[in-house]
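Note that the chains take the letters A, B, C and D in the order they are written out, and that residue 1 is the start of every chain.
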């Protein structure tokens, strides 16, 4: 029995993996809207090319092929505050705004303005807004919002996310667009996904992406080549760290 | 573009997470049968109560709550050869039998007998057979086989798995039933899941289970209590490891 | 060449491991006082019995014996903010007090009072003070301070640490004694050990302790027994987490 | 009490970290020869520039700076069979030869010849011999052997290691010189270091090296730059992995 269901009668062959993940976290079954939104967020961030955590995983596998689980773990250890933690933080921002609208009976844009201004005063970045490359919204944002609308999921946190985007120019003095780290909690919180579990979504998604990269690494190893190229370029550019002379044990 | 699909047009909102995992691994889209079988295997092994890897993850989170990813990684590090590696190894056993039937034109039971006898000669355990608790087949086996049949997935590796079960008594001198670690490759290989990627299925499944346990740990911490109980019992039973006197830093 | 030394001529056979660690971190050779103090801190916290991180490592090794490095890694992942992070945080507290005495020309107890009061206002615990079991100072504190004095290491940060202990009753309304997490930065900062590298001392020390536990685990496995006892007791006490029924895959 | 010593009276301030590590592993105190040899091996392999495991650790820290322990763990996960496991395996080779000389009363070179030939027959590489770059012996080998001789440590396993080097050309048909992975067990086994604990020596040594790199990373971050250079070069060479288009989330 898991969460009131019989594993063999009610879950295996009946629930999708995404349904089951939702069930394990929340204790109740996913609605079609919740399933659609959770699948969409997991798909949106599972794979992103040779990002640092993937490189770390592939180098680890090349050095320790006896332990695939160690290479996946090495990759997940890079799913931290800088790269994938923003989804959780953006969810907390939206939650603070939502609570303020309820507790203070403030209108949404007013509450968003106040909370964003508090972040600015505390010199905190606005998590989930702005992107190093894109000036427009990341196209994954629109794909996630469209999925949420069409599935009939709650739109309250999408509205909050867009309110934050609207008030940012006035508060921060620059235009920062919603990125995928804000879109994820915007659609998931509207599907009754628990706030504190948001952190798990990028971790699960990246587990899948890492496993796929490691399968590729088994068949076509680039782990050591990546490392060689990375270090060679450090040398070329004159940034030679101490002890850099010898390259490999 | 990922594997020939446009992420935002063709994947987000269109593919389930399971579909996408299959696509990343194989480069082609899952058939309905492949999706059904892969979902079923992931559901079957995602959650198994307070197994050692879950305890390790919960203790790690209690001690280092700043890094959820570290606690998930600690749990995955225990998904090794003893606990979850058998699915991969059982797949290799089935693959060896299948290749033998093709290369030697042997009948299935004959090929199974020869390969199982080779394992016995090499003093290797038969991966995926036998269970510390159940004498009958683990009920998850039947649930997986039923899902595979009803979805119309290939049954060749289910047949091989059952042939192994049939020949074991004669070769090994005891009756060992198919367990879930043999059922997983039996159904997945029939759905064109790649042999070398089998190792990734329990890892992804347990990532989901670990995240759910850590969400529970955030809300109701038992990590240190588990550790206290574990160590107290060691003391009670007289197995006091060196340096055991002081309990906590 | 490492940090200006020839590895084979000047380091191997000439420097102790502790000397070399100090050299790698600071770029200059350890004085006898620095060596004595760094050795003492590493010895003080390397081993502490079956603490949670050791249990996590032993369970991980039992499940994945193909990868000792994975079991050490699992143990280190529990060396986080709650258990071993306090040494770094206490060092930052002492550094803030020291800077205040210099920048504001305040006397030590005055500066300590102000900074501790700031922690209280911010509702932050005073890192390195108080102990769940000992009301008196942990005996390791005195051993570390004695080593530092006898080696002739700088005593400034020991003085600061004791000033904090003196002002705590007035500011916090209770008596909290210096524990080992405060003693470590107190003696290391006086030996010119870099503030930001303090975090590495418990990590290196515990690596040694974990390796010793895993060697013991290889010879006398208790990993699964610990896990069984931990979970059994949860059951006994009625705290049965979801999905707890089945015990092992 | 740890291994019969009082931690505060007999260990802190009395034993070096290396002494204490030896004590934890063996249960008895290191002789001066054992200490010298263990220090030398730890120093020899602690730091080796921007090797893959260091890159993995620095990328992990850049992405997840909230958890130094996670970055150290990520680096250690790459200390596997390919890179640092050979010291353990070479120790097992030497042990097999030594047991053969005793059990079969064979002369050393004869026993070495037989055991190396068994490796060849089983198509196993000779662990600890040969080097991708050096044709001569790695200079660290001579430094370790010199330390061992001058400290008065047992030379039996050095003799065995050199016997293996002598018989390799006749058995393997090529000249492979002793590398540092063979020198480590050669000197440690002569100092009564336990065979099964050899695996811990590179792990502890690299922990120190990783901590030093991460301290450098805190002060001068190259983690993301390494990753960028590594991936850029993959692109330049036409080896574009699937999904490589977008670079960072």
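Everything below uses one rule, namely that a residue touches a chain if its C-beta (ideal position, glycine included) is under 8 Å from a C-beta of that chain, and two chains touch if they have at least 3 such contacts.
A quick note: this is a predicted structure, and the numbers were derived from the prediction, not measured.
**Q** State the pair with the higher C-beta contact count; candidates are B-D and B-C.
**A** B-C
**Q** Taking mean CA positions as centres, which chain lies farthest from chain B?
**A** Computed centres place C farthest from chain B.
**Q** Please compute the C-alpha centroid of chain A, do the same for chain B, then give the distance between them in whole Å.
**A** 26
**Q** Which whole number of Å gives the spacing of the CA centres of chain B and chain D?
**A** 32
**Q** For chain B versus chain C, what separation do you get between their C-alpha means, in angstrom?
**A** 37
**Q** Touching two or more other chains, which residues of chain C qualify?
**A** 2, 24, 47, 64, 66-67, 69-70, 73-74, 77-80, 242-243, 245, in rising order.
**Q** Which residues of chain C touch chain D in their complex?
**A** For chain C paired with chain D, touching residues are 2, 7-9, 11-13, 15-18, 20-21, 24-25, 36, 38-40, 42-44, 46-47, 67-70, 72-74, 76-80, 139-140, 142-144, 146-147, 150, 194, 196-197, 199-200, 203-205, 207-209, 211-212, 214-215, 218-219.
**Q** What does chain B use to touch chain C in their complex?
**A** Listed in rising order, the residues of chain B that touch chain C are 45, 47-53, 55-57, 59-60, 62-67, 70-71, 73-74, 77-85, 132-133, 180-181, 213, 216, 222-227, 229-234, 239, 241-249.
**Q** Using the touch definition up top, name the residues of chain D that touch chain B in the complex.
**A** Within the complex, chain D touches chain B at residues 1-3, 24, 27, 64, 66-67, 69-70, 73, 242-243, 245.
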